[in-house]
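Before anything else, here's the structure in question.
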Amino acid sequence: MGMKRMLLWGCALMCTVLGMGTAWAAEPIRIGLMAPVTGAWASEGEEMRNIVNLLAEELNAQGGLLGRKIEVVLEDDGGDPRTASLAAQRLATQGIVAVVGTYGSSVTEASQSIYDEASILQIATGSTSIRLSEKNLKYFFRTCPRDDDQGRVAAQTIQKMGFKKVAILHDNTSYAKGLADESQALLKKSGIKVVFFDALTPGERDFTAILTKMKSADPEVIFFTGYYPELGLILRQKKEINWTIPVVGGDATNNPDLVKIAGKDAAEGYYFVSPPIPKDLPYEKTRAFLKNYGDKYNGAVPGSIWAVLAGDAFLSITDAIKATESTDVNKMAQYLHKSEHKTSGLTGEIGFNAKGDRVGDVYRVYRVDAAGAFILQEQ
Amino acid sequence: MEEFFQQLTNGLAVGGIYALIALGYTMVYGVLKLINFAHGDLFALGAYLGLTLLTSLGLNSRVGPLAGLALLVVFVTGLVALAGALLERAAYRPLRQSPRLSAVVSALGASIFIQNTIMLIYGSKIHVYPKGILPAVAVNIFGLQVPLVRILVFVVSLLLMAALFAFIQKTRLGTAIRAVAIDQDAARLMGINVDQVIMIVFLIGPGLGGVAGLLVGLYYGQVNFTMGWIYGLKAFTAAILGGIGNIPGAMLGGLILGVIEALGAAYVSVAWKDAIAFLVLIVILIARPKGLLGERVADKI
Amino acid sequence: MNRRMWGIIAFVAAMAAVPFCLNPYQVDVFNNIGLYALLALSLNIILGDAGMYNMGHAAFYAVGAYTAAFLNTQLGIGILWTLPISGILAGLVGLVLARPVIHLRGDYLLIVTVGVGEIVRIALINNVFGVTGGPNGIFGIARPVFFGFKIAKPHEFFFLIWGFVALTVLLFSSLKNSRFGRALDYLREDHVAAEGSGIDTARYQLLAFMLGAAWAGMAGCLYASKMSIISPESFNFWESVVIFIIVILGGSGNIAGVILGAFLIVGLPELFREFKAFSQARMWFFGLAMMIMMVFRTEGILPPRPRVFKDIDRNVS
């Protein structure tokens, strides 16, 4: 019978410990950050945290906002929808006025209704899935562009390069499939043949079977919409079988590790569309910030543009608080929705349309050169 | 037709790796009837240890490429074997007399534990092996482009399988292992030190897993902390397919699984290939409930 | 028996107090625990009571969730009305899949169920029959309405989920003492002897499998209504493994043990969340704790007590 007692003690213990989290004073302005600090996207989450923390530190050094300090409240979404919904519930109980995040589209989606019901302003940072902003949520914004933008730029790029037969490869994640579908429709419309359309399994290492199959479909270019770890291996294995077909990719391949995985010789000549990488951001403010970032985090440079966009989400929130002189969610949302409002962010001027999507053309085309560097292409 | 043979070689190369991991899986299972879910993570540990030895200690640059490679194999095998034996002592031995599934859950806990140990030490970023340790050239066999390393991986798997089989069948220790596999109590009565034999099995099995991890790291050049899970599941599938507990069965199961995947991807759909592989597995098991080479033993009479 | 009753009463009272004294996040943790408790109870019928190794339970969970989501978003059927349909469909799928493989033993059945789970997940991702929405899944599932009362907040879901758990516990514990329960006990302990005594083992095994699958399907329906969006990644292999762990670690075959298992496996990682310094090491501790718990309680934390028959009891004392 001791077991029953153990069970009760367990419950009691859990209640008390869970209860501890709420007994905090609410003096500073609290801004939530929901990021994948653990799980498959942990490296993205770490950079998101570093950037937002540094921005908050800089702001607090200048005296904070409305005479109050800013406090960043971090919750781990684990890169997974269920954990995200718990993280969102948890943030919603901690007196935050707005939340930055998160990276994955399906992860953001699991948290959207929770923030909406709790009247908390949310600015997503890497969630490019179209439908997130098609739900008429009053308090939802994002600093990243949408997949239809990217699909358009990718299709234009392929068209401009003069290819007539394309092989499209995605990885069956929500994001990659969406981008693949979007581009396929656009390419077909402009008379380009899609001779191969299929999905690999993320996390695998051997893609020779796919390459062999693709080769027999005889495309002129491969368009890959998935992530860099798989692409790195594909480029490498493609080189091994001496197949010299050009490859174009989406923004999830924008990561310096791509070249490390593929090797410089295999990565050379690879094109991808993406928002500009941090070092190509031509703004004084950004350069100063990147320098501070390096000073603080042992000379590191943020590798991911998505983490920089988390910084932009933070800046938009603080700008809205400053401009409206309040932390009222309706006033802030109204301010951000106004088309004439422009926040000066790390990736240029940030403005939002009525749906909460970022306005302006963000996508650029990059090419990997022989030294493995990402070179911005002329428009 | 050329495409078919190309896909066949693709499948055999991938299957060779599955087989190599499955060898360790099946060996442990044969003796303890334990599905060692941590095997995949020991494999990942091998890949990471190899990386550390190569980059931080600069093993390769100090003693030259060939000797370096040999030392690397010895060190990684030894260290992962040690980790395996440690795991057996701490997490499996206390459970030897308990319900079988308790040990399986302990193994799952060990899998999470090892995976996260790797993450805490190395971080969650993808790590990349230094280039050019194994030659990245393709050989032309009957008009097919086959990278040399793939042949190497295949041959290594085959050799290790043969060595293991000979060891189990021909040596005294191997006989002891077989005796323990059949009946631990009877083996003990015959004067066999059962604990010691099981310890040895847990040195060999994980050691093989470690070599496989090193090979995957060297060949694909990229390691991440979750890699053990996906390979572990494939290897387990391969071992079952061949008849778990059976050493040539693991080899056969691995190769067949690799080939099914490649052909499934080629002629049906890449996105469905894992489903096809599992479907074939289920059909085979319905026809042969103990796997391809598993002996038909009466359950209990 | 008396202390056992008091224990149950105390537990129910403590649970009833949860939605009134905890914040939405904490209540939501309890909701998750409740969902996993349901899933684990349903797997317990198959794994703990009938002794069939099933590591693909998420497949039936998924079938239930997708059935509910499809019926709700496409045909506008209230999500709670889909509960029995989800259960029946998942049960039927369980029956059809289990029929040819039920004679497999132990680990062979285990890998087959793993395979079934993966096949279902891959089918969902690839938008099979054009109804599953591919990797996006199905979204916009309506909130459940219970006699005109809309259930949307964690506190409200708490009553729905734990009410269903209570119902399940009552039903399953009476089932344990029925002819069905005794037959399962027998065939799990000694398959051959059970068959020899005239028990139609295949039929009982199939029944157990179907019942477990059906219940997982209903848990899936509740999950769909709670999340309002479902996608294939919520039903991956790891999900099946977690349910499996809950049953074995809690004490397979024992209802109280399985519920305790759900508290530990779902609750512990959330507890670690409190210690920010350890946020990275959350799962490391979790894996370590799993091994330690198994090593020290090798039969699970609350193993079932051996069945004691009353009249025999009287004779002895």
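The letters A, B and C name the chains in turn, as written, and every chain counts its residues from 1.
Here is the rule we go by: a contact is a pair of C-beta atoms (placed from the backbone, for glycine too) under 8 Å apart; a residue touches a chain by one contact, two chains touch by 3 or more.
What you see is a predicted model; the values in this text were computed from it and never measured.
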item: Topology of the chain contact graph, where touching chains are joined (line, ring, star, complete, other); value: complete
item: Result of counting contacting C-beta pairs for A-B and B-C, higher pair; value: B-C
item: Centroid spacing, where centroids are CA-atom means, of chain A and chain B in whole angstrom; value: 36
item: Averaged-CA centre spacing for the pair chain C and chain B, given as whole angstrom; value: 32
item: Junction residues of chain B, two or more chains touched; value: 119, 269, 271, 274
item: Two or more partner chains touched - positions in chain A; value: 38, 42, 172, 199
item: Multi-partner residues of chain C (at least 2 other chains); value: 125-126, 280, 283
item: Chain A residues touching chain B - in the complex, by the definition given at the top; value: 38-40, 42-43, 46, 172, 198-201, 203-206, 208-210, 212-213, 216, 229, 232-233, 236, 239-242, 257, 260-261, 263
item: Partner chain B, residues of chain C touching it in the complex; value: 47, 53, 100-101, 103-108, 110-112, 114-116, 118-119, 122-123, 125-126, 191-192, 237, 241, 244-245, 248-249, 252, 280-281, 283-284, 286-291, 293-295, 298-300
item: Complex interface listing, chain C residues touching chain A; value: 3-4, 7-8, 10-11, 14-15, 18, 21-26, 28-29, 32, 125-126, 134-137, 139, 152-154, 227-229, 231, 233-234, 256, 260, 263-264, 267, 270-271, 273-274, 276, 279-280, 282-283, 301-302
item: Residue ranges of chain A in contact with chain C within the complex; value: 1, 3-5, 7-8, 10-12, 14-15, 17-22, 37-38, 42, 74, 76, 80-82, 85-86, 89-90, 92-93, 106, 109-110, 113, 117, 129, 131, 172-174, 177-178, 199
item: Chain B residues touching chain A - in the complex, by the definition given at the top; value: 3, 6-7, 10-11, 13-14, 17, 119, 123-126, 128, 131, 136, 138, 145, 147, 216, 220-222, 224, 226-227, 230, 261-262, 265-266, 269-271, 273-274
